[in-house]
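Take a look at these structures.
In the two complexes below, subunit A is the common chain; its partner is subunit B in one and subunit C in the other.
Right, the complex of A and B next:
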């Protein structure tokens, strides 16, 4: 035994010297390569690099696919318009596997390996919450497209902003009066058991109580669940309205099994379209949804009063009037969320132009410039609708849509005002130093 | 909901789960019993079955029943073929070494999962059920297809039992399971038997997946849960014991269904895992396991 230990030691020492020698050689060779110090003198001719944290795999994959298409379309348009401050925009996409741990690693890659100017595009709230602290440490501006209330709640930091999509708290607050007035006062909530679902649970319960309603049951379902019938008996019989919001690969199963469970004698159903994002509304088993209501972030089906901006945006991303891909009518988009990528990229452009952004040294100037944005009018750059950005909470506020299922399509029934979605500030990020 | 209908729904849900679980676990148990191999990639064969089912159903089009029946026939065959290739390409080269094959099948797990991710993609896709009728009890509705799943799984299990108990090939399988060397001495080509068993085990998992895919959807990560539950079932039932596997699958499936409905799905998983621990401590060979060499 002792013999065995000593001998390799001698060998190792020799090998070590050898490998040190070889390593120095490689290092010297590498620094001599022209690529090693490329562009360090010519920073302004470099493209602006935006690290795109995308859910290519994992439970967020369907969203990721469409976030990717929307981002690519917006980046192309920005480049066609002449780029940002005369520089081309380059999107560097990295898959985070819809995994918070991987999310933080991806941000590190953006900052240190790809030398990105900022990071952008994350949807799932647990990935945002897992990544944002690292963004703060890296001093990397992090523009999320997530809906979670974690930005406006003050949980994150000055480097994290959400200027392209509204948050759950404002959405559900605007939904509660409609639910209480039109559907019923006793609500059973079914939601995914993670941060995003908990936002729904907490803020909708509070909002419906203000309308004189009550939440009679709160049913939390793990987002990786694949079978749902077992949860439905927990819905109390005296429920007037089922409020459902689900995410993950099994959303179609969830809605189908709800239909199977109830049959014709169902309570009123109010869903967040998340439960059927990227799913064809005419899938077999979904007929029972006829006449039910959905929250939509942005109406999936082109409406009678469609704005020219929505028309333009739809065509640029490649979405038809039914909200599906123009090349494959079965490939349904995540229309209520993906506009956030489009709008966020244009807000970044506006911010960079206002700040005279030159390079990573100007990151704090960029954040200050975005913080100085207040009114965002309806436009090609912001096709979902006009918005108001709150610089203190780093959160944007905007119109919400309620649609009714009619003839297998979603028809806009009600549009909330921006005022319906406002609530008092819970934090002031501008007081944090960079 | 009142206790009676509540219990009925819970039992139905439990029975569906038990049926699918029994098929998957019998495949795993068969492979272990005959080949003495712990196949960690078993859940991926389940997933492959579902993915093949989607491809076949899409290819055939037409009435959903045509695609479904085609999938039920072809998907297990294709999955079995993949398993035979794995056996010939990987397991045979390792001479069926118990430790080596565990590591190798972990590798196979990732290869299958990533290949499916690269080709089929990360989406969950539905296969339409061959029929869509629903029963309406006074308290709740229930899909008749789910009842069909229970019946189909029982039929397939009876088929497996008939093969094992009544046919010549079953005799050869049992002989190999009992004593590999003596079987070789009697002129049984053990290598071929191993390839057959590995293919059959994977095909059973694939059949379970084809049955389940109209209820759930084909997704590249769907193999995790069936693998875990199959291991639980096989450990409780006794590795290599088909009877034990079926009984344990019924026990775990039913209790999972009932506990999930009355309490929470998490509690059901906790109790199942606790049961495994108890079995390992007090009956290391499982409820029906025999002390084999």
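Right, the complex of A and C next:
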């Protein structure tokens, strides 16, 4: 469904009065009404249109729902702040069905029918990879929020950027020091037998070996599997840590059956919260996870040392201290990923303002402006944490969080440094011409 | 004017219309029609088996994906030219189709449907299993530089449209020639009454195998072409839904008609595209429309036209 979440409000009587007010008070109070001042200076009243490729249906729907809410909240805030370069921001959302073919079609629709300035917001890797070639051909800046390594690997093109969320390679390698130092050095990995799982297998294996550890078993689970009991006897007895990244609806069965297999004498368990995004940690069967550790992209539960920025962001999106919707405590958010939409929109805003973006002719200037961003400080616009953007790989790097399940909640146990997440550049998109 | 001449004239008129549309359509619809033509080639391949021979396959995603991966993997790992890779995709589809055909045709009816479905599922799982080469469910990109044939950049919208039109036109010509030939008439005889065809002295197994080979290979051409024109090769195209799509397109457009698969694909594509502008439950609208069509136009769009207006339509 194509819908316009935030519509420009420049032509209403109320806005007109505000503009007049801003004009008469410009000398005295320009900083008090910066947005309206900028609106009045804009060369065009046309809104900036951002095509939001959202997973409303298909396997990514749970993520899509929260990406949608986060994007809506960020767009509203940007418009309340005065828009971008004096123009309102309009989000045009289209469902891609979490399907790469439809994803590419949606990008064409953004570029050629809705006349969007850019496209943004895609999560699932196969949709990104299926859509990115069209973004390059359409010369449409494509800001993804995917955490896949596809951008930094050099697989895509100069028009595709990931400035709002870190990639899986950096996340996984940053976990290895904590796992080796605190949980154990002999690791058994259990992962889904497709590309996402293979990324974890390959990157973590290399990273744990650098820490003096070793992966004693790699257990790949076929994607169609619904029962896991037969896989647990394959876990070597001398395993210190089980590293799991199961995803999809079968994860509850996976945890339940692992609990039945081990009982109270379990090894250390470390997992990626991707397994349990949008899932209540207090769901029946998940009791076995008590005392285990999880990677989190952004701590789901408000921590004791919660930053003012997280508090602001959480309230703006409508998420309570337990990471669920303020209107429905059972509607658990995808908190470790959705901040990427918020942060990406603000990076786009920064890039457009730096480039003096006026229209689609300035798309290459926008990309160059974003490429010139290096340090991104912790702020309301970037509540997940400070970040470093790599202009060559079009990938952002940032802090990662490790939380422990205590009393059915996730309590932050460790925050990695940004340096822990860095790896050598694998491409240089700036060498590609527009 | 003979029926044969009329049908050629009609199909040439369709191709001329599609050629002309390129110059008048807005960019968005131009891109859509290019996609629809490639998907229609897939559906036309399916139609040879289902519409003309009466063999209901639930595994055509395998042939489409084989063409796509045969082309894509050749470029990605062997570094060969896109034109050669395109041929590799077609040859791969031919070989897989031959294997599946020989084995699946030992069954019939529901068993044939299940066997073809299982083969397709095996193909999908093989793509995931050999993820080291195929990048599993994520798939991989065929870069712009890898999509240039004889200095023609297939990533360019106009070139892509004409390349899709060329493949579509070739497919129209081949299938039209085929179904109006004696061979095509035997396929229809097999569809209508296989025992009677056997009694008349035809080796129906050979005819059915030939139909499967032609059908699977055309589907492979569509897969290889789609990957080359749109720059992406992915496991999604091997899933069961891509076995169901051609069945729907053919049923909508009219099984056993040459132009039916094109109009079925066109209808379904724009139904989803327009419905998605109205609601996120757009598949519900698509479903209702399909039910209505099934109730009130059982022969599909072109089937109804043949029944009511143009009885000579092949």
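Heads up, the rule we're going with is that the second predicted complex is superposed on the first by the 365 of 434 C-alpha atoms of A that agree within 3 Å, B and C clash if a C-alpha of one lies under 4 Å from a C-alpha of the other, contacts with A are read in each partner's own complex, and residues count from 1 in each chain.
Here, contacts are C-beta pairs under 8 Å (C-beta built on N, C-alpha and C of every residue); 3 or more make two chains touch, one makes a residue touch a chain.
What you see is a predicted model; the values in this text were computed from it and never measured.
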First, second, both or neither for A:129, with subunit B first and subunit C second: second
First, second, both or neither for A:100, with subunit B first and subunit C second: second
Which of subunit B and subunit C A:283 touches, first, second, both or neither: first
Touching partner for A:156 - first (subunit B), second (subunit C), both, neither: second
Contacts of A:222 with subunit B and subunit C, given as first, second, both or neither: both
Touched partner set for A:319, first subunit B, second subunit C, both or neither: neither
Which of subunit B and subunit C A:108 touches, first, second, both or neither: second
Which of subunit B and subunit C A:57 touches, first, second, both or neither: both
Superposition-derived comparison: subunit B or subunit C, residues of subunit A touched: C
Which superposed partner A:145 touches (first subunit B, second subunit C, both, neither): neither
Footprint overlap on subunit A, where subunit B in one structure and subunit C in the other make contact: 56-57, 222
Residues of subunit B defined as touching subunit A within the complex: 1, 6, 9-10, 13, 17, 64, 117, 121-124, 126, 128-129, 132, 134, 136, 140-143, 215-217, 219, 221-222, 225, 257, 260-261, 265-266
Touch list for subunit A against partner subunit C, complex: 1-2, 56-57, 94-95, 99-101, 104-105, 108-109, 111-113, 125-126, 129-130, 132-134, 136-137, 148, 150, 155-157, 193-196, 198, 222-224
Residue ranges of subunit A in contact with subunit B within the complex: 56-58, 61-62, 64-65, 222, 225-227, 229-230, 232-233, 237, 249-250, 252-253, 257, 260-264, 278, 283-285
Residues of subunit C defined as touching subunit A within the complex: 26-28, 31-32, 35, 125, 128-129, 131-132, 135-144, 155-157, 230-232, 234-237, 273, 276-280, 282-283
